[in-house]
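Here the chain labels run A, B, C and D in written order, and each chain numbers its own residues starting at 1.
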Amino acid sequence: MSIDPSYYLALAGLMFAIGVVGTLTRRNAIVIFMFIELMLNAVNLIFVTFARMWGNVDGQVLVFFVLVVAAAEAVVGLAIILVIARRRETSNVDDISMLKW
Amino acid sequence: MTELPWLDVVIFAPLAVALALGFVPKGRVETLRTAALGGALFVFALSIGMLVSFDAGEAGFQLGTSLSWIPEWGIGYVVGVDGVSLWMIMLTAFLTPLSVLASWSIVERVKPFFIFMLVLESALIGVFAALDMFLFYLFWEASLVPMYFLIGIWGYEKRIYAAMKFFLFTLAGSLLMLAAIIFLYFSAAGEPTFDYQSLLGTPLTLGTQRLLFLAFFAAFAVKVPLVPLHTWLPDAHTEAPTAGSVMLAAVLLKLGAYGLIRFAIPLFPDAAREMTPLIMTLAIIGILYGALVALVQKDLKRLIAYSSVAHLGFVVLGIFVGSIEGMSGGILQMLNHGLSTGALFMLVGALYDRRHTRLIADFGGLAKSVPVMAGVFLLVALSSLGLPALNGFVGEFLILLGMYTRYSWWVIPAAFGIVLAAVYLLWAYQRVFHGEPATKENRGLSDLGMREIAMLAPVVALIVTIGVYPKPFLDRINPSAEQLVTRMRRCSVDGTTGASIPEACGGGAGAGNVAEAP
Amino acid sequence: MTVEYIVFGVMFVVALGSSLAMLFAKNAVHAALFLVATQIALAIAFLLQGAFFVAAIQIILYAGAIMVLFLFVIMLLGVDRQEALVEPLPGQRPLAIGLGALLATEILWIAFRGLDLVAAGGGGGEALTGLNRDPGNVKALAGSLFGKYTFPFEATSVLLVVAIVGVMMLARRINALSSGDRVAETDAAREDLVAGRRGAA
Amino acid sequence: MKAFDPVLAPYIVALPLIGALGLLLLGRRLRAVAGLVASATVGVGFVLGVIVLVQMLGVTEKGGHGREAVVRVWEWISAGSFSVNVDLLVDPLSMVMVLVVTGVGTLIHVYSIGYMHDDPRYSRFFGYMNLFVASMLLLVLADNLLLLYVGWEGVGLCSYLLIGFWFERRAAAGAAKKAFIVNRVGDFSFLIGIFVLSVTVSSLTVSSINEAAGGMTAGIATTAALLLFGGATGKSAQIPLYVWLPDAMEGPTPVSALIHAATMVTAGVYMVARFSPVFEASGGLALGVVAWIGALTALWAALMAAAEYDIKRVLAYSTISQLGYMFLALGVRAYSIAIFHLVTHAFFKALMFLGAGSIMHSLDGEVDMRNMSGLRKVMPITAFTFMTGWLAISGIIPFSGFFSKDAILASAWHQGRYALWAIGAGTALLTAFYMSRLYFRIFEGDLKVPEGVHVHESPPSMVGALIPLGVLSVVGGVINLPGLLTLDHFLEPVVGESEVPSGFTPWILGAIALLAGIAGIAFARTLYLLPGGATRRAALCERFKTPVDAARNKFWVDEIYGRGIVLPGKAFASFCANVIDARLVDGAVNGGGRVVAGAGWLFRRAQSGYVRSYALTFLFGVVVIFSLLVFRVAL
């Protein structure tokens, strides 16, 4: 009998929570992005764990999709961060608050 | 012989004209005006064709077209006219060319102005002709947009406020109606449908009817308008350009009354019957209140606007008293009010063109400098205050008579409104036209020109005609009115719920010569 | 069995530890490296659960490609940037931590107490092991991906293409700007630039 | 025997109507012939009326029946069970009225040619006058109540137009408006009366209403009768709605003569006579009200007339008073007598108004009797004709007024209404007094005119109209001489037989009436004609200071109406407009708008632009939803 899935899920949950906290507390846009990646990773772990619990590979397939989305997101997001950083000389998200009323 | 589909042509011809206007270069003001006038006249000619092919003795819908539009959702293009909508369409088609004529003083953005006018006409005719709830709602809201712009762009000083107020008031009401329409769609007997004539047979409990009726009523009461939902009206009427005021008063207000006649009452007769006392109370308050407030207005246009509140109170009374006389009178009065108030707004517009003011205090003694205008104004005012042998009297008399047959003493406060109408109109007339002209501007005014006479003469002719010989009008209204009243007075819910409704289901309370519909 | 427990234990500690370390790393490069560590640990977790192929691409794609991209951008913007410690938004930090903790608690509760309600059985680990053995993990995955999930898979390809095109556009603008006035200080200047470019085009 | 078929009747109405339309539409282009055209249409109407009358007299069925006919012109309104047509009813009563209207009307039109000659709106004046005649004829010829109402309001409109003819004058414009509105109040009552009758009888024709009247309950009949009478108090200037008539004297004098003396104001009398069965059916109450209102109005107006200095206003009050007599007659069921007085009054009152107009014409519009005297020497014809009118209204035998007034008083006595008789007799004295006062002050004594006025007799077209009216005032009584009762018999099929006292009583009553008239004249003579009159007047005024003051101030009725109705009404209207509408309703609306705007102002704070705040909010939502899910599972 291998390790109970609950532990994997617990790990994923904790990582996800850390990702959330990091996203909300850090101000460097790149770092925030990394925490988002962390959350995605946590979710990947959950998918894989569920795949094992259900005894099929569908969960693993979903990890693929998450990966693709994460890759696309990272590419576009980082590009945007770059553009902003070049324009405004900053990667602090609090400095980019023009989009309001 | 295949007949031209008159009704469809009349609905879409203004739109076609508007489209054609779109190709005229915007600098060519004269061409635009002439084209708009010609187009509107052409539409009126088409509507005459419709009137001729209308069969006077028939109560049901005529000249109809029924096409499937979005069959998945039970939406169709269904149109048709009966004695009620016929005159409303005629009124619209009649007043649009006159409004165009009244808009010669528009010099800025002439092209969109006339396009909006024609689009408005199309939408209004569509509302009156639609027999599919979805189509109706579509036209209903479509009429709002051009009017909004007419007020908001070409209006007077407070036009933005007025346009917003107008838009929000009516929209708030009609959204409730939309919800009710959707509810009705799903509760249709059999397949869900938006078809009006199928929906007439929808079985509804009294409680549902009540809610749906109130939702419809909210939309229509704003448009009519009934006190206390009326405050958009004085602002909108006052700030709108002349043509806008004319169309607003003459036709847009009728949308509300028409909606009550066509939808609110026939679809939910039991609820309508139950709420009649409440609505009649509101209408009577409207009559007296509108008249009183009109009395102390300083702005001539506002005064006329408030007089509309009072007049529409009469219309609503006629619609709800539940007698054929009242219903016919109410429908005729819709037409009458359109003519007299439309003409009054044209006249005030003509005054504004000359003096650039609407304040009563700025005028005085005008009968000396503009005798013809004074004469026409007096005639129209007299028609508005219900002088016999002019149109207003016929309608008001039938309404009050119909009211007396069923609610005898309620007639007293309502009829008192006629006295007040004389007070505020004549007082205003005295202040504007009588006396010695006080200022130089008032002395040197020019009288009505050919264009203005051309736009007023047809209205005046109709005012006199309806007053003296209303038979052709009433002949076409009566069968439909009779059918509507029959439906309103028949019990549609089953005996158990119907038992609680006052005077329902017993058949023929009051002056009961209403024949049961075959 | 014991080996599995040990591996799991190490993985657990590394994954959680590096995640936490990310939270406190002042330098973005450090944070990125900690993330790489987390991802490698996660790859091991995948392996433990019989997701071999996914574990492989976790390392290749994530830890390899994406994280390199991150580092690349960090380097491009300057490594030495430090975040100020002061939190300018009032209540942001305690609220974030509080809500995060609440979220974690709830997830943990589900993980240990409510799991039967989430996953109502199925074959369990044995079935997956069987699948991994018979067609093999990659083949099973491919069968599912190109069989059952063909359409979503194609959709993701569209997504990627769109992303690539979008990034190219963004990058081109940067180039166009860099060639002329590198940094437009004000919005107005930027507007002028954009307008000028439109005019040129 | 051929049936009575008055095909000419519609043309009697149509002619002046066409004249009116032509004159009003073509206006100035017809200026040269306007007066002639207008007079001709009315005159031809009179001739047609005479022809119809001759036809009617040719029908000699027993009891005078068969003398009525209905002429259908077109179908008017029909809806539901209700329908009315434009039908004209030709019967003895309507023919009497037609002849009075067209006859007196023609004379006044002719008179106006001279009187209005220099007015810039000459043709419009005749247009209005023609319209008035047409409306009045429609009123008297109408076969149903609604058509009658059309004429009723039509004459009201013309009255409005003609009172306000010189609209540049504020007083004229105000008086016109006042007349219309006060009349509207009466019409309001009339209209409801129409509803009551329409629903009770389910038809509005004269014949069906009068036939159904017998079957009405007393309550309905009383209600209907009083509502109709309410309309009559407005049109015929009775208490409490008489206030408009004195002010109506702002109009040109021929208008006062035609509309506010001879014809329009008698419409109420005509209407009550026309629907007398309804009043009868009410069982005394309605008739009692009519009689008492009439009697009190007669007295009330006579008192005011005695204190008035404006010539035309004296005549106006006298008109109100004489109309009161007519209602008194109606109230004591002497319908034909009321019509008789209506006719004679039309003659002599039109005459006196035209005489007053003649004076004004030559004195540049002066109307204050204190500023003139002794005019008989320069205006002999006017003075002489005026004198016949004066003697007629004072009830001096054998002038026309004597016979009609005496008949009214005799009828009151005969019905046992002694109080009414007493009021009537007292008013007769008062009438003789104030009319003598008027006559003496204007025409007798030394010549005195306002400065700078060249006094002259009026042009032929004016005096030419005075003379026939003067003759009629003298001999008008012949149409209903005691004993012969020509008019009574003629009207009998319509309004029933009048009960006339027989034996010795009528002679005594007649003598008393005559004595009252002579006494009034004699009293006026001592005060105004004999030497020392002025001091006696002063002494009298001093002695009865309070009542004289009250009468001079018209008993403050206008002020009471103004303070009691108009001002509170305006205040309430202002309250509605400025408080309810602007504050309450619009306040709620704008308040709604402000709440939304305020909420927006508040909520936009949340839109800080800080991405992390948004994310925090987002997280909050996630946690809430997630918690809900978890708790649903857990609990």
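The working rule: a residue touches a chain if its C-beta (ideal position, glycine included) is under 8 Å from a C-beta of that chain, and two chains touch if they have at least 3 such contacts.
The shown structure was predicted, so the numbers you read here are calculated from the model rather than taken from an experiment.
**Student:** By mean C-alpha position, what chain is farthest away from chain A?
**Tutor:** D
**Student:** So using the touch definition from the top, which pair is joined by more C-beta contacts, A-D or A-C?
**Tutor:** Counting C-beta pairs in contact, A-C comes out ahead.
**Student:** Relative to the centroid of every protein C-alpha atom displayed, which chain's own C-alpha centroid is closest?
**Tutor:** Closest to the centre of all protein C-alpha atoms: chain B.
**Student:** On a C-alpha centroid basis, what's the spacing between chain B and chain C, in Å?
**Tutor:** 64
**Student:** Distance-wise, how many Å sit between the C-alpha centres of chain A and chain D, to the nearest whole number?
**Tutor:** Centre separation, chain A to chain D: 95 Å.
**Student:** Just give me the whole-number Å value for how far the CA centre of chain A lies from that of chain B.
**Tutor:** 61
**Student:** With chain centres taken as the means of their Cα atoms, state the distance from chain A to chain C in Å.
**Tutor:** Their C-alpha centroids are separated by 4 Å.
**Student:** Mind pulling the chain B residues that touch 2 or more other chains?
**Tutor:** Chain B, residues with two or more chain partners: not present.
**Student:** Residues of chain D that contact two or more other chains, please.
**Tutor:** Touching at least two other chains: 610, 612, 616, 619.
**Student:** Of all the residues in chain A, which ones touch at least 2 other chains?
**Tutor:** 20, 24-25, 27, 94, 98
**Student:** Which chains touch, pair by pair?
**Tutor:** Final set of chain pairs in contact is A-C, A-D, B-D, C-D.
**Student:** Along chain A, where are the residues that touch chain C in the complex?
**Tutor:** Interface residues on the chain A side: 1-3, 5-22, 24-28, 30-31, 33-35, 37-38, 41, 44-45, 48-58, 60-61, 63-65, 67-76, 78-83, 85-87, 89, 91-92, 94, 98.
**Student:** Which bits of chain C are touching chain A when the two form their complex?
**Tutor:** 1, 4-5, 8, 12, 15-16, 19-20, 22-23, 28, 31-32, 35, 38-39, 42, 45-46, 48-51, 53-54, 57-58, 61-62, 65-66, 69-70, 73-74, 76-77, 81, 83-84, 87-89, 92-93, 95-97, 99-101, 103-104, 107-108, 110-112, 115, 119, 122-128, 130-131, 137, 140-141, 144-145, 148-149, 152-153, 156, 159-160, 162-164, 166-167, 170-171, 173-174, 177-178, 182-184, 187, 190
**Student:** So in the complex, which bits of chain C are touching chain D?
**Tutor:** Touch residues, chain C against chain D: 89, 92, 95-96, 99-100, 102-103, 106, 109-110, 113-114, 117.
**Student:** Would you pull the chain D residues touching chain A in the complex into a rising list?
**Tutor:** 604, 607-612, 615-616, 619
**Student:** Quick one: in the complex, what on chain B touches chain D?
**Tutor:** 165, 168-169, 227-228, 230-232, 289, 292-293, 295-297, 323-325, 328-329, 365, 367-368, 375, 382, 387-389, 393-394, 397-398, 400-402, 404-405, 408, 411-412, 415-416, 418-419, 422-423, 426-427, 429-430, 433-436, 469-471, 474, 477-478, 481-482, 511, 513
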